[in-house]
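Below you will find the structure I want to go over with you.
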Amino acid sequence: MMASVAARELADGEVVFVGIGLPNLACNLARATHAPNLVLIYESGAVGAVPERLPVSIGDPALVTGSLMVCGMADVFQCFLQNGRIEVGFLGGAQVDRWGNINTTVIGDYAHPKVRLPGSGGASEIAAHARRTLVMAKLDPRAFPADVDFLTSPGHRCRGVPRRDLGLPGAGPVKVITDKAILEAHPTSGELVLAALYPGVSADEVRAGVGWPLVVRTTLLEVAPPSARDLQLLRDVLDPKKLFLRG
Amino acid sequence: MMASVAARELADGEVVFVGIGLPNLACNLARATHAPNLVLIYESGAVGAVPERLPVSIGDPALVTGSLMVCGMADVFQCFLQNGRIEVGFLGGAQVDRWGNINTTVIGDYAHPKVRLPGSGGASEIAAHARRTLVMAKLDPRAFPADVDFLTSPGHRCRGVPRRDLGLPGAGPVKVITDKAILEAHPTSGELVLAALYPGVSADEVRAGVGWPLVVRTTLLEVAPPSARDLQLLRDVLDPKKLFLRG
Amino acid sequence: MKTAIAEHVHDGDTVVIEGFTHLICFAAGHEIIRQRRRDLTLARLTPDLIYDQMIAAGCAKKLVFSWAGNPGVGSLHAFRRAVEGKGPALEIEEYSHFGMVARFQAGAARLPFWTIRDYAGTDLPRVNPQIRSVTCPYTGEALATVPALNPDVTIVHAQRADAAGNTQIWGLVGVQKEAAFASQRVIVVAEELVDTAVIRADPNRTLIPGLVVSAVVVEPWGAHPSYAQGFYDRDNDFYVAWEAISRDPAKLATYLDEYVYGLPDRAAYLARNPGLTRRLQARAQVCAGVNYGF
Amino acid sequence: MKTAIAEHVHDGDTVVIEGFTHLICFAAGHEIIRQRRRDLTLARLTPDLIYDQMIAAGCAKKLVFSWAGNPGVGSLHAFRRAVEGKGPALEIEEYSHFGMVARFQAGAARLPFWTIRDYAGTDLPRVNPQIRSVTCPYTGEALATVPALNPDVTIVHAQRADAAGNTQIWGLVGVQKEAAFASQRVIVVAEELVDTAVIRADPNRTLIPGLVVSAVVVEPWGAHPSYAQGFYDRDNDFYVAWEAISRDPAKLATYLDEYVYGLPDRAAYLARNPGLTRRLQARAQVCAGVNYGF
């Protein structure tokens, strides 16, 4: 469901900075349906990749074979990302807060962490430079705290400072796609608000999965379920081994 | 003669930043004789070039075919030159002054030049970063003024400031190879002094070709003439069309 | 070519036709002259014959460069006349090669400046106030800086490209990649238009991705008298001949009349130069491929 | 390999085994473990399984990195135990990928720092004082900087190299070129030793020139469980298996005993993994060559 919802956010011909897992599924679903000319760029240096198998890592050889260009990572970050050529970036993380800030570094104190996470990788620069980002994460009060323990990737308000005052080129996380609903950034405050519900989900269920008093839009939309075609593609073609699809 | 004298300055296996004309002849003569493993690097991006014909320009296709590596110019200047990988750099110019400074920019005033020369090209960075440089120029009081009209490439003393105070990584012009003699930088003052004479040339002839009171070393060496082998290689093999050899 | 230049090169633009000796797109320069563009800021490391011709034709208001000569031959006389006050005025902004390369790198990275260890002791910063310095936040030392160069349009000549502008170049690559990424618009002029499958078969060979390219023009022999590795050799005889042509304004005007204004396109230019293709055609020296399988 | 590691990797060195997913030289890491190097500062963008093994083996004093996970699988548990205070202590110095790439770029250019537009609003500069800033001398804006990284030794795995170390890589090239140029010493480990004529036949394919290389080691399958495009696929099953192995210190110790300490070299490692080469051998998908003639 999340992959299918994310796929709808991608317009044909857009340049997308792809992560592994669900974002990769979403991009390949979009390519297989309404966006055949989507240009997939991986931080590993593969540009215009057409993976013939679901890549397990963002450095999978299948991303290289048949791609339009392979470049060094200095070019990926300087000439593509910092240059502003990336239209959509996907992000996820252990914690997403009220302002769309993401934590992929540590749970607890940095010097003495409860849980040490992998760290930024390319996430902090994707969050800064992609024209817009889409965040994918499953609802859970621990995953959606009011404020992240560590601010790895900047959202709309960082430690009290509004994004526009930070000189960040990109628009930031425009949508947070969860397993129950879609949250969107409030146009002025930048706070994440409930914008659309999946079929059969109540606003209270979503509130229960978020660690702050969630504002609900007056006109709440219902997210259309994945089409039969989408489900068939995802289950039989794109992820037959269920590497990333669960349920 | 100059090409043959310059060739002797190159040790086998050294990495040389080559210019066009006489320096190129000198390098190829050295490769054909005592320094078969000389690594020739051209600012155009050809590394380990083995030109099968005398290149007319530093971007000649013959420098690419069969070379060890072709890289972009950003790599040439950042990763090779600024990185300190170049052991010897060749320089020449319309004016070489008392301190080994070189002018390839303008004769006269910059805003209203008598003669507009090509400019720096890569010369100023070669002069700064090559571990040592060799200058080749024909003696003539106008070509060897006390001070250059425009300082394009730094020598041992720039507008009164000693090289060591300028933070220049390379040793600068250790020898100036002319058509009559070899000038060398004084170890402490950096002033060019007469170090060696070509056969049959007097110190006065050299003084007459230089625009400042030239200091003559107490122990003046005589430069050995080119070997028959050198002359044969230069005239019959390396520059049969006399593109760069004159007399 | 006509449409690409008409659409993407406008009066007053900063125009870059890059290529270091290799792949200099004379065909595009000639079309710009034919379309009588004016007040252009022409930027490239080595103005070469093509900018000398564009200066002579009155296209240029300003020249940004690092080495203005005729390699191995002599001078660019239209440029010299302008700068020496013997011809129509021309503003100049001068760097070293490293400085120009760094300006394109900054432009490609969309940073306002680039840092290099250069210019200490030279007179260049005195005549170019755009050469400045920063203090290293770690060592405290001062290093030189140059400002980013972000052209309005960059024209890159290439051996091959697909219809989407995915471009592959081999042999000398100069600063074409940096110039293309730094530019607002990019015109790729290719010797050969190939199927995307050819590009995808060897993706490490791709220098410029289609997503930064505005227009693709197919123009065989479009770089002459410059060259295209694997396609044709440099016309060194013409470079030598240019010394006499450019030295004499009348001769230069005649050259422009006969070989630029007087001709509709590159095909006519080739017809006007009989024997050219036979004389400069490259011999085959094809390398082996590599395995992209997994 | 034994000699190369013995000669060029010393206790206390800053060691970089680069390669982004592709061409990670596990053979070199294993030899460093076997030779019981100590107090190493290990630097790489993604520590990956190889640094997790070296941390578990006690080679590392410090880790410099930007993403420490098991791609698509889970955690590097030896690393996590150390950082979470459940194992031997390990200093860490942390950046983002762009920050690490920029550190290698500065090192390769022998500049003390590199400028990037990054880290605004993040907590990273608060925990890493090496992330600083400069003021642009043209726009006056503040930009982030990272310090140069100049390793004592960098180990690069490649598809092919000649005896002099002229090295060609295709597929993902990561930051290997920058790391090699930034390093005091460079060890190239090649799947295939080729004649210099093979290198010279396609010079644009050369990523690292022999003049920066200290030693060349020929080690087929030396990157397993990482991969070499055109030679063998990534062993994703082993990456998945590592989750369980590294989670249990006893299992990890057993793994090191059986596959590293207990074996003399990579040949023995391959013998210890029957069916490996058959399972991962790449299929042929060879691209066409290009013409270098003139």
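Going in written order, the chains are labelled A, B, C and D, and every chain counts its residues from 1.
Please note the rule applied: a residue touches a chain if its C-beta (ideal position, glycine included) is under 8 Å from a C-beta of that chain, and two chains touch if they have at least 3 such contacts.
Computed from a prediction, not measured in an experiment: that's the story for all the values here.
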Labels of chains that are neighbours to chain B and to chain C: D
Contact-richer chain pair (by C-beta pairs counted) among B-D and A-D: A-D
Interchain centroid distance [CA atoms averaged], chain B/chain D, Å: 40
Centroid distance [mean C-alpha coordinates] between chain B and chain A, Å: 57
Chain A and chain D, separation of their C-alpha mean positions in angstrom: 28
Distance from the mean Cα position of chain D to that of chain C, given in whole angstrom: 37
Contacts with 2+ other chains: residues of chain C: 110-111, 116-117, 141, 170-171, 173, 177, 201, 204, 227, 229, 233-234, 282, 285, 292-294
Multi-partner residues of chain B (at least 2 other chains): 46, 61, 64-65, 70-71, 82
Chain contact topology (line, ring, star, complete or other): other
All touching chain pairs, where touch follows the definition stated at the start: A-C, A-D, B-C, B-D, C-D
Chain C contact footprint on chain B (complex, rising order): 20-21, 43-46, 56-61, 64-65, 70-74, 77, 81-82, 101, 105, 110-125, 128-129, 150-154, 158-159, 161, 163, 166-169, 243
Complex contact set, residues of chain D against chain C: 110-113, 115-117, 132-139, 141, 143, 145, 147, 159, 168, 170-171, 173, 198, 201-202, 204-205, 227, 229-234, 282-294
Residues of chain D touching chain B in the complex: 108-111, 166, 177, 181, 196, 199-201, 203-204, 206, 209-212, 292-294
Residue numbers on chain B that touch chain D, as the complex places them: 15, 39, 46-48, 50, 61-62, 64-71, 75, 78-79, 82-85
Complex contacts: residues of chain C adjacent to chain B: 20-22, 45-46, 65-69, 71-73, 75, 79-80, 83-85, 94-98, 101-102, 105, 116-124, 127, 141, 170-175, 177-178, 227, 229, 233-234, 236, 239, 282, 285
